[in-house]
Structures are given as structure tokens and as C-alpha cells.
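Note that subunit A is present in both complexes that follow, paired respectively with subunit B and with subunit C.
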Partner chain A sequence: MTTITATPITVLAEEAPPPGARRRRRRVRWGTWITLAVISLFGFAPVYWLLATSLTPSDQVFAFPPTLFPKEVTFSHYATVFGNEAIFVYFRNSVIVSVITAVLSVIVSMYMGYAFSKYRFAGRKSLMYFVLSSQMFPQALLLVTLYLVFAQFGLLNTYLALILSFTTFTLPLCVWMLKGFFDALPDDLIEAARIDGAGPWRIFHSIVLPLAAPGLVAAGLFAFVRGWNDFIFALTLAGPDRQTLPPGLVNTFISEASTSWPALMAASLVVSVPVCIAFILLQRFLVGGITAGAVKG
Partner chain B sequence: MANDISRRSLLRYSVLGLGGAALLGLAGCSTGVAGAPVTTPGAAEPTDFAFASWSLSEEAAKPTIEAALKSFSSAEGISIDTSAYPYNEYLNQLTLQVRGGQFSGAAQLDVAWLSALAALGKLTDLSAYTGGRGYTDAALGAGTSGGKQLGLPWTIGAIGLIGNAELFDKAGASLTPGTIDEFEDGLRALKGIGVIPYAASTKAAQLKDIVVWMQTFGSPIIEDGKSTIGDDASVEAVEWYKKLYDDGLIAADVDRAAARTLFSQGATALYDDAPVGKSSVVSQSPDATLGDKMTPIARPVLKAGSTPQHVLWGHLVVVVDGEGAGTAADFAQWLTSDPEQSEEYFAALGLPPTTEAALASDTVTANAFVQAFTETVTSTAKSSPLWEYPSYAQMETAIAEQVQAVLIGQKSASDAMKTAGDTITGLI
Partner chain C sequence: MTTSRVAAPDAAARRTRGTPLSERTFLAFLLLPGIVLLCAIVLYPLIRSLISAFFDENLLYPGMTFVGLQNIIGVLTTEFGPLLTQTLIFTVGATVAPFVIGLALALVLNQTFRGQRFLRGAFLIPWLIPGVVVSFLWMWIFDANYGVLNGILLSIGVIDSPIAWLFQTDTARVALIVAKTWNTFPWIMVMLLAALQTVPAELHEAAAMDGAGTVRRFFTVTWPHIRGVAGLVVLLEFIWNFQHFDTIFVLTGGGPAGTTNTFATEVYDTAFKGYDLGHAGALGILWMALLTILVVVYVWLSERGEKGARG
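Then we have the complex of A and B:
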């Protein structure tokens, strides 16, 4: 008879933390919280100042010493903004040109980015650098040239002039952003689809694009914000009927001798709300899209 | 798959890119043709034309100008196409439109911008439109460039010193300082009551204001086609300014907007401005009576008996040659000199008119501030000698940069002014 002797199992006791470790962890956690709070304060202070100024009566805006909270609160500046019909026209124009710029930029750059990423052709490298170098043109120089070209084609004072000019700026970065994204998609996936009989068109639209959705959203948001914030192109090319918010607000609230700061702040706050909502709704795509392709393998 | 960008490649393509940019720039920057087309009053059959203005985008001025446009267009049976740009962007936008052949018609213009726009060679000579309208000589002078009447004066004033009479009283300072020394004594008295005595420009954006002080010290600024900045008078003026700065009689980081704000809050007793700034100062002040305390002060002189130096300020209406230019010229004349129109414009905005008749009207003479400003400041005002040159803005920047270097102790006044003078001569 064989006797089985049980070998006692030694349970390794969890190593006791060195003295003071908990205190150090707590200190690190507090340090992190304080750092984040300071950074948040730094980020939110301008927004708070915008809000506070928009609620302050005009004759108290420059009161010295300045106060953190308005002594009196008024909504009259918001009434001024909502009572000005022109601002709604600027808003509508901004939405139209920014959305179309975003869509156009994404459509063009997704094909270009894919071609640069997955195809080998003569002059590919040169073309990629050329696209990048177009980002180095000074805006003012491009503006004069675009103005003359658009004038020749009768495009001045049209939405198309704004959309095309905004796209000249958004396209290079969108292309490079999406190229990086497509680089991260494994070639094996495309190869497998090809073996299954899918053609290039089908591969791109049915397999690659759905996987690239976060990148497309990130590129689209970038292009949208670029169009939404542009001042100088919109001022020069849009004419009075197609003017967007940035030049429109300056035209409305900044004059030769004075600036209506509270109303300008109120308008800025109101018109930034849609952009904030778009960012909140799409932020998970944005973060994924921007970081995609950052790590190989 | 991604390709690294080598430094050599980046440099190569950057050079290519910038080369392309330069070519594109040259394509858009061909020089304009000098010379001004001439037109005569009432010669043209009324036609539609365009009108560009920065005031059309400003809440206070818009209704009055729109009413004027409507009145003229109805009377002539035409339509006027308008465009408005913010003041700070206006000249660039108008220049681009005129150069690109996209604009013809009438346009509002700051007096300082006339030579810059005239250099494009598209402005109509309006000499035939000045006779019999009663424009003052000073106002007409503001609209001339290269010996031609390229603009009709819409409102003409000056930039001068404006004081808060209550603070001057409190400090026991004189509201009519005759000489620089008396002026400085007054500033020291004002310092004693705890305000910034003089909100003079110390920020680069407005440091061009020093030019009038250089003239006060005796520098002609431009002589025989060369800059005189760097002479004893200009150096002395800048050294004096530096002394005011070091003694706390003027403050750091002040431009026109900051000066208006400080004045409106009662934090300074004195600043430089044109009459157009009054409404902005009053509107942002917690003191409802500030408007009554604002007093124009003649700029002090170096030696008693000399003429105070002031720089002209105002708006012109110019006509860009092309479709509708004839009717646009008729409109410019009507807008700037029609008695009823001039009075209405003044009543609405407080901008001094440009004809003898309008200046003598009850509406104008009843406005004590403008009357006093016209007598003490505008009466001796002249255009800046730099405005004759299309590159006047670069000249003013060159001066501002050097004066700022002196104020912060980086350079001596003589070295800085010599540099500024050489730069300006180069730009001429």
C-alpha cells in the first residue's frame, strides 16, 4: 500500500508594503488631483471669463479692480445677440460651409490616404511630400491667389468659394491623418478579401472603410472646426450674403472706436455651443482616430 | 509602410513649396498703373454703383448711412450695392478688390490710407467736384494726394489731448498748459492724486503717436525726400517720453483702446483721441457725467508762442474708376457736402462736417465739445508727413519698434532714432 503523503502547500503571504508606501500612494493621488485641478482651472478660466463678461452690464465690464463674479447680472447682451437676425444668417452660413468642407475633405482624403498607404506607384513619395509642403504656404499668399482665381471663374461671394478654399487647408492634414490610419490596418486583411474574390472597390468600401470609421470622424471634425473658425478667407471671399460667424461677429460688434465686449462674448458663447455638442457626441471616435496608427504592429 | 521624411527631402520640398508660393504671389502682385481718371459732376447718366464702408457694419452709424443711401438711390432711380468690412481689415479688403478689378464705385476711406490706395492708380480725380460746395481748405487738403483731389472730405477732425476737467481741478493742474514744462508740472500734480496722469501710447500698436511729439520738439519728420528722424529734435522728444515713462507720468502697455478704458474708469486724467472716441468712452463709463467733464486740450509747445502740433484725422469718400464711377462721384459730393445730409450725419454721430456752412450751423455750434475740439485742436492740425507714402504703415511700425526699445531700456534714444530714420529713408 502506498501511502500518499500530502505535501503541505506553502501559501506565500502577500508581501507587506514597505512602511510609508500607502502614505506615498495617497500623496501621489492627491498630487495628481491637484495637478488636474490646476490644469482644468487653466483651461476653464477663459470660458468662465467669457461667461461672466457676457452677463455683466456694459458700464461695469472694465471696472477696476476686476471682480471674479459680476456685481449685477444682465441678460441684455444675450437679448442683443438673439435680436440680431444677421447672426442667424452667419450661423447658417457657417454650418453649411463647415459641414460640406468636412464631408468633402473626408471623401477626397480617404481615397488619397488609402492610395498613399496601400499602393505603390511612381512619384508616390514626391506627391506625398508635395501635399505636405502645400501646408507651408502662407495663408495671405494663398488668399490673394485664390481671390484672383475665384474672380476669374465668377465664384466670389459663393459658398463654393469658401468650401474650396477651406478644403485647400484641411486636405493635406486629413490625407496624412488617414494615411497613418490605413497604415495601421494589416495588409493580410486586404489580401484575404482579395483571395475571397473581392475587387479593389469592394475591398475599400466594404472592408477598409468600416474599420477606418474613427479616423474618418477625426478627420471630419478637424476639417469642420477649421472651416468653422476661419476668419480671413471667409471675410475676403464670402461677400456680405455668405459671410460666416467669425467675420460676421467682428463686423457686428467691433467698430472703429469701440468694441461691444459683453455682446461679443455672449455671441461667442452661443455659437460655440453646437461645436461643443459635436465634440461631446463624437469624442470617443476623435480620441481613437487621432491615436490610430500611432503604434505599429 | 509609412515613410520617414528625411531632413534633406523636407528641405527640398519646402524650397519647392515656397518657390511655388513666391511665383503665385508675384502673379497676384503686379504693380498698378499710376494716374487718375477724371470725371465731371452730373455728366453721367445715373447708373447703379457700389459703395464700400466700414461704418456700414457699425451699429451706431449703420441706420444713418443706410438712410442716406436710400435717399440718393431713390432720387436718382438707381440701386447702390453695399459692402462692409471691419475697420481693421478694411484697407486690405478694399485694396484686394480694387486690384482684382472687383470693385468700382464710391468707398469710405480713412485719411491716412489715401496714398496707399491711390498707388493702385484707380482712383478718380474729383477736382471738378470741389467747387462751390464750401469745403474748408483743411478738409480738401486731407483728400489730396500727388497734387490731385482723390477724395472728398466726409468728416474731418484731429487727434488731440482730452482731459478730465474734474481730475485736473482736484490736482490743481492747468487745463491750458502752454509749454512742455508747464505740461510736465501738471502731470506731476496729477500723479499726486493717485491716477495715471497721462495715458499716452506706450504699446507698439499706437506708438506712432510719438511722431506728433517729435514735431512738437521741432523735427520736420520728412525733409527733401528723406527722413529727419534721428535729428536732435526727435531724439530729445523720445528722451522726454522716456523720462515721463521712468517717472511714472505715463504707464506701460497702453494703446488707444486701453487709454479709452482707463479714461472711462477715471483711472487717468488725460489721453490722446479724436472726437469719434468720445461716445465709446462715455458708454463704458460708470460716471454718467463724464461726457461733460471731457475737455480738449491744445498740445503744449516747446517755446511759448509756437503753434501747437496736431495730426489730422477723418474720413474721405473716394471713387474707384469703372462701372458707375460718374454717379458714384455725384454721390460722394452729395454725401459729403449736402447741407441737410451733413447736419444729419453730425447730429447722429457727432462727427465734424467739412463745409463752412455745416460747421456754422446751429446743430454743430450747439455741441460744446466738438466746438472746443475744433478751436483748440483741429484748427492747427496737419496730415502726418508719413501719409504721403504708400508704405506709411511700415514707417510707423519702424518708429514704434525703436521707441519701444528706448522705453524698455534696450537702446539709447539716439541709436534707436537713427535706426528708425534710416529705415524710413529706405522705405521712401
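Then we have the complex of A and C:
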């Protein structure tokens, strides 16, 4: 698993610096700081603006030119967001759909990932590449038929429609993440259990799964975040009662006539917080897993 | 490094041939749920929508009539060219810009300095923020009347009057790329930083001893080590951007006057606003053909990467 650790590469040639090294090193340092400053501005200024807008009183938000630093701070926009009953419905829907999506994705992908990792069978390679490439099928295209199929089975505007459709884009990466985790488990362990007389079912559920628990949590979290963030599937397949937060926010705060920007920014921050918390908790696994899912063939 | 982790050697893994029946049943049990689900929610919808391409099928009236290649020829002779150009503009821009920024940042954050660990985490924020929030945020920044971008540019005298960024062809395209770049560069930074960890520090020291400058050392020492990951990241980003929907749909909706319309927004509009499934399927089949080429290249490259790692 990839963990990001510091590798000091600029601390070079402590002894016997080659001619001009000092000057060069200074130039490197300047270049470094300027690059860092420019990228920081690009990366962090929008985040600051998101936060600042959500805390600025409405009359100042719609003043022009905009004030970069709010003269007074207000939490009234957050009160607006939490005072809106529709938001709570969207929030509840988001939680239900994302959690069930995560659980379903983990259960299905742990079995598949284990098969890919520890068994060699005919068609294994093709199946693996089908799973991998299915995350590259355009969502907009799948959506059209998913809509028709769900309509046919009377599933439109249900949680099930959202959960199943979210699984289309969580499953491939979950399978690959978990395959990576199982790959790291030594085969000897399974061999030993087998010699002790344990059947494959028992080996998987009582020996392998507990060891892969961190991987299961990471994959589940990844699926949760993807479900939480989805916009297009929820917008199209869920009716007003089952709408999740991302399309719900559009319905609530954006209209042709006027957009309540500070309230939308406040709501946006509220939506982003669960994702950030989830990530901070399991950063190590997630970064490693996503890196593996993308790069490992 | 993950790329170098080698798959379990075949000999150690259980082969299905000659294994007891219970193992085979178990394997079927492992694979079936995934296969069933993927066929039902990915493969069937995909094939079904591609089949529509050969029929005159509209949600407004029942039934479907076989029309052969008529839909596909119709799309090829009208909107395919402009759509491909517009999709490519977005895809290339939204791949190259975050790659350059992500690479520069990865190189900077691969050095040791106070606060480097904190920054590595903090720079992930733009990537963690849900895509639709990213779109809201940039919509607000680019707002013609009250947007902060116009505010700053006006007050430092770069422009004389506010610009409606999202409502002019050229600026709308750039705006989309900027928003997507902001969302993507941290991921590229993470991937490249992971690759940079594989570069042995001794090589840098040796090259520095030999008097190689920073630029020289980058191309002779660093780049060969991260080239594989960089290539896959760029290709993957290219594939994802080629089918990206959210940012475009929310920020410009394909406008002004359809000039930021890509395959993704056009297929969506054709199906859900025009109800013309035959037409949407025809667009889809051409779109999928292009994507398939990219995916095949991706699979080939990652396959080669794994073989290389295995030695």
C-alpha cells in the first residue's frame, strides 16, 4: 500500500558542493516558493471565497465590487440552510442511499476481489478488464437506458434505483481496491488453514475477511463518498421525495430569477463536510487504494 | 509503490482445474453477484442504448422502427464534427492544465520544508469537495454581476467593465477548464507524489555531484522514474474528461449557443429533453467507439506496466 513519506531530495551534496551549487540552490528555493505561492493562491482562494461568502451578510454579498474580507460575520445563512425542511429530506436521502450503496458495493466487491486475487480460472483476465473498463463507460449514456429500465419496473423515484445506479460507478474501483488488499495477504495463511481442514467458505469469512477489514472500510468509504457526491443519476432517477443533496441544492437555491449565493455557499460547505471528515479518517487507505485502482494493471 | 507490487505467482494461487467441487462452487458464489450486477446495471444498459442507434425510437410515441445506419449517418453529417472539437477542447485543456499544476506541486511537496506535510493534506481540499459544489463555487466566482473575479480585475484596472464569463464562447470554455482543473490537480499531485517516492535519493546526489542542474536532473533522473505513472494518469484523466458531465451541465449547460456542448451534455439533452433515443444512441455509439480506443490503449499500457514491474 502506498504511504506518502518524505524523501529529502533537495538536501543535496552537503560535503564538497560543486561549483555554483550555492547559487543554484538559492535559485531552486526561489522557484519553489514562487510555484508554491501561485498554486496555493489558485488552490485555496476559492475555498476562502466559499467560506467568506457563506459568512457575509446578504447586503454586502451583493455589493459591487465585492468585499474580500467581510466587515461583519453572520451565521444567518447557515440558519437558513438548517431551517429549510427540504434540505433535511435531501440530507436523509443522501445518508440512506450512500450508506446502502457503500454496504452493497463492499459485499459484492469483496467476493469478486477475492476471486480475482486468489483464484486462477478461465476468463479471469477478460472479466477483470471488463470490470476495470466498466468505470470508463460514459455515465450519460448508461443513464438513458437505466431510466427506461427503472421506469419499466416501476423503480423510478425509489431509493433502490439510486442505490443500483450508484453501484455502476462504485463497484469497479471497489473490486480493484479490494483485490489489492487480498493480494497483500500471504497465500501461506490460506494454505495453512486449508491443511487444518477449513473449507473455502470458512477460510474466507473467518480468516481472510477480518484481516482485510481496513480494506473493506476504505472501499466502503470510497463508495459512500462517490454516492454522496453524485449529481446526474440522482437528478434524473430520483423524484422530489428521493432527491439527494447535490441536485436538491440546485432545486432549492438556484433559480432563473435569482440565486441565493450566500445560502448556497453555506449549504455547499455543509454538504462537503461529511466527505472531508470521511477522508481525513481514512486518508492513508483511500489514497493508496485509489492510486492502486488507477495505476495497477 | 503500488505499481511494483507483483500479483501472486500463479503456482501459489489455487487453480480451478483439478480442484474439488466445493472450491468451484465457492468460486461461482464469489463471482456471481458481481457479474449479475454488472450485467444488469452496466452491460445491458450500454448495449440497449447502442441498439437504439439503429432504430427510430422516441419516448413520446411507442414502438421502434429499424432505420439501419440512418441515425448514425445523420449525426456524422451534422453535429459530430463540432461536438468532437468541443469535447476535445475541454478534454485536452482539463487534462493538460491540472497535469502541469499537479506535477509542479508534486515536485515542490516532495522536498522537505516546514509545513510540507500539512500542505500535502490541505491541497486535497479542492479534490474532496463534491463536484456539484465545485460547480456552484466557480459559477459564483465567474458571476457577471457580483462575481469576485470581475471585482478583482475591475479594481486593479485590468478590465473596464464586468465580463459575463459564462456567457461568451471563449471565456466559457476557459471557465469550464479552470473549474475542472481546480477540482482535478490534487489527484494528479497525489499520484505523482507517490511516483516520486520511488526515485532513489542517491541518484539525485550522484547527478548533483556530476554538476547536473535542476532541470537536467529532472529530465535524466526524476522523469524516467515517474514517466509510467504520469502517462497512465494523463490517459485516465483524458478518458474521464472525454465523458465528463457535471461541471459542464451546471456551469454552462452546453451554452452559450451550444458552443460548450460535449458528447455528454448532448446525449443527455437529446434523450431527456428531445426524447429522441435513436439519435442519442447514434451519438452514443460514436462516442463509445472513440472511448473504446482510449480504453484499449489504457489497458495495453497498464498491462505493459505490470509486466515491466514483474521484471
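Throughout what follows, the second predicted complex is superposed on the first by the 216 of 297 C-alpha atoms of A that agree within 3 Å, B and C clash if a C-alpha of one lies under 4 Å from a C-alpha of the other, contacts with A are read in each partner's own complex, and residues count from 1 in each chain.
The working rule: a contact is a pair of C-beta atoms (placed from the backbone, for glycine too) under 8 Å apart; a residue touches a chain by one contact, two chains touch by 3 or more.
Source: prediction; values computed, not measured.
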Contact-wise, after the overlay, does A:G239 reach subunit B, subunit C, both or neither (first, second, both, neither)?
first
Subunit B or subunit C: which reaches more residues on subunit A?
C
For A:L156, using the defined touch cut-off, is the partner it touches subunit B, subunit C, both, or neither? Pick first, second, both or neither.
first
Check whether A:S206 is in contact with subunit B, with subunit C, with both or with neither, and answer first, second, both or neither.
neither
Applying the touch criterion given at the start, work out whether A:S255 contacts subunit B, subunit C, both or neither, answering first, second, both or neither.
first
Would you check which partner chain A:V275 touches, where first means subunit B only, second means subunit C only, and both and neither mean what they say?
second
For A:Q60, decide between first (touching subunit B), second (touching subunit C), both and neither.
first
Residues of subunit A contacting subunit B in one complex and subunit C in the other:
61-64, 117-118, 129-130, 132-134, 136-138, 141-142, 144-145, 147-148, 180, 183, 236, 247, 250, 254
In the complex, subunit B residues that touch subunit A:
1-3, 5, 9-10, 12-14, 16-18, 20-21, 24-25, 27-29, 54-55, 57-61, 82-89, 93, 96, 100-102, 257, 260-261, 264-265, 267, 276-277, 279-280, 283-286
Going by the contact rule set out above, which residues of subunit A touch subunit B in the complex?
58-64, 117-118, 125-126, 128-130, 132-134, 136-138, 141-142, 144-145, 147-148, 151, 156, 179-180, 183, 235-236, 239-240, 247, 250-252, 254-260, 293
Subunit C partner contacts - residues on subunit A that touch it in the complex:
1-2, 4-13, 16, 18-19, 21, 24, 27-28, 31-32, 35-36, 39-40, 42-44, 46-47, 49-50, 53, 61-66, 68, 107-109, 111-112, 114-115, 117-122, 127, 129-134, 136-149, 164-165, 167-168, 171, 175, 180, 183-184, 187, 199-201, 204, 228-229, 231-232, 236, 246-247, 249-250, 254, 261, 264-265, 268, 271-272, 275-276, 279-280, 283, 287-288, 290-292, 294-297
Note which residues of subunit C are touching subunit A in the complex, please.
1-3, 5, 7-8, 10, 12-16, 22-23, 26-27, 29-31, 33-35, 37-38, 40-46, 48-49, 52, 101, 104-105, 108, 110-113, 116-117, 119-126, 128-133, 136-138, 140-141, 143, 145-148, 150-152, 154-155, 182, 185-187, 190-191, 193-194, 196-197, 199, 201, 204-205, 208-211, 213-214, 229, 232-233, 236, 239-240, 243, 245-246, 249-250, 263-265, 267-268, 271-272, 277, 280-281, 284, 287-288, 291, 294-295, 298-299, 301-306
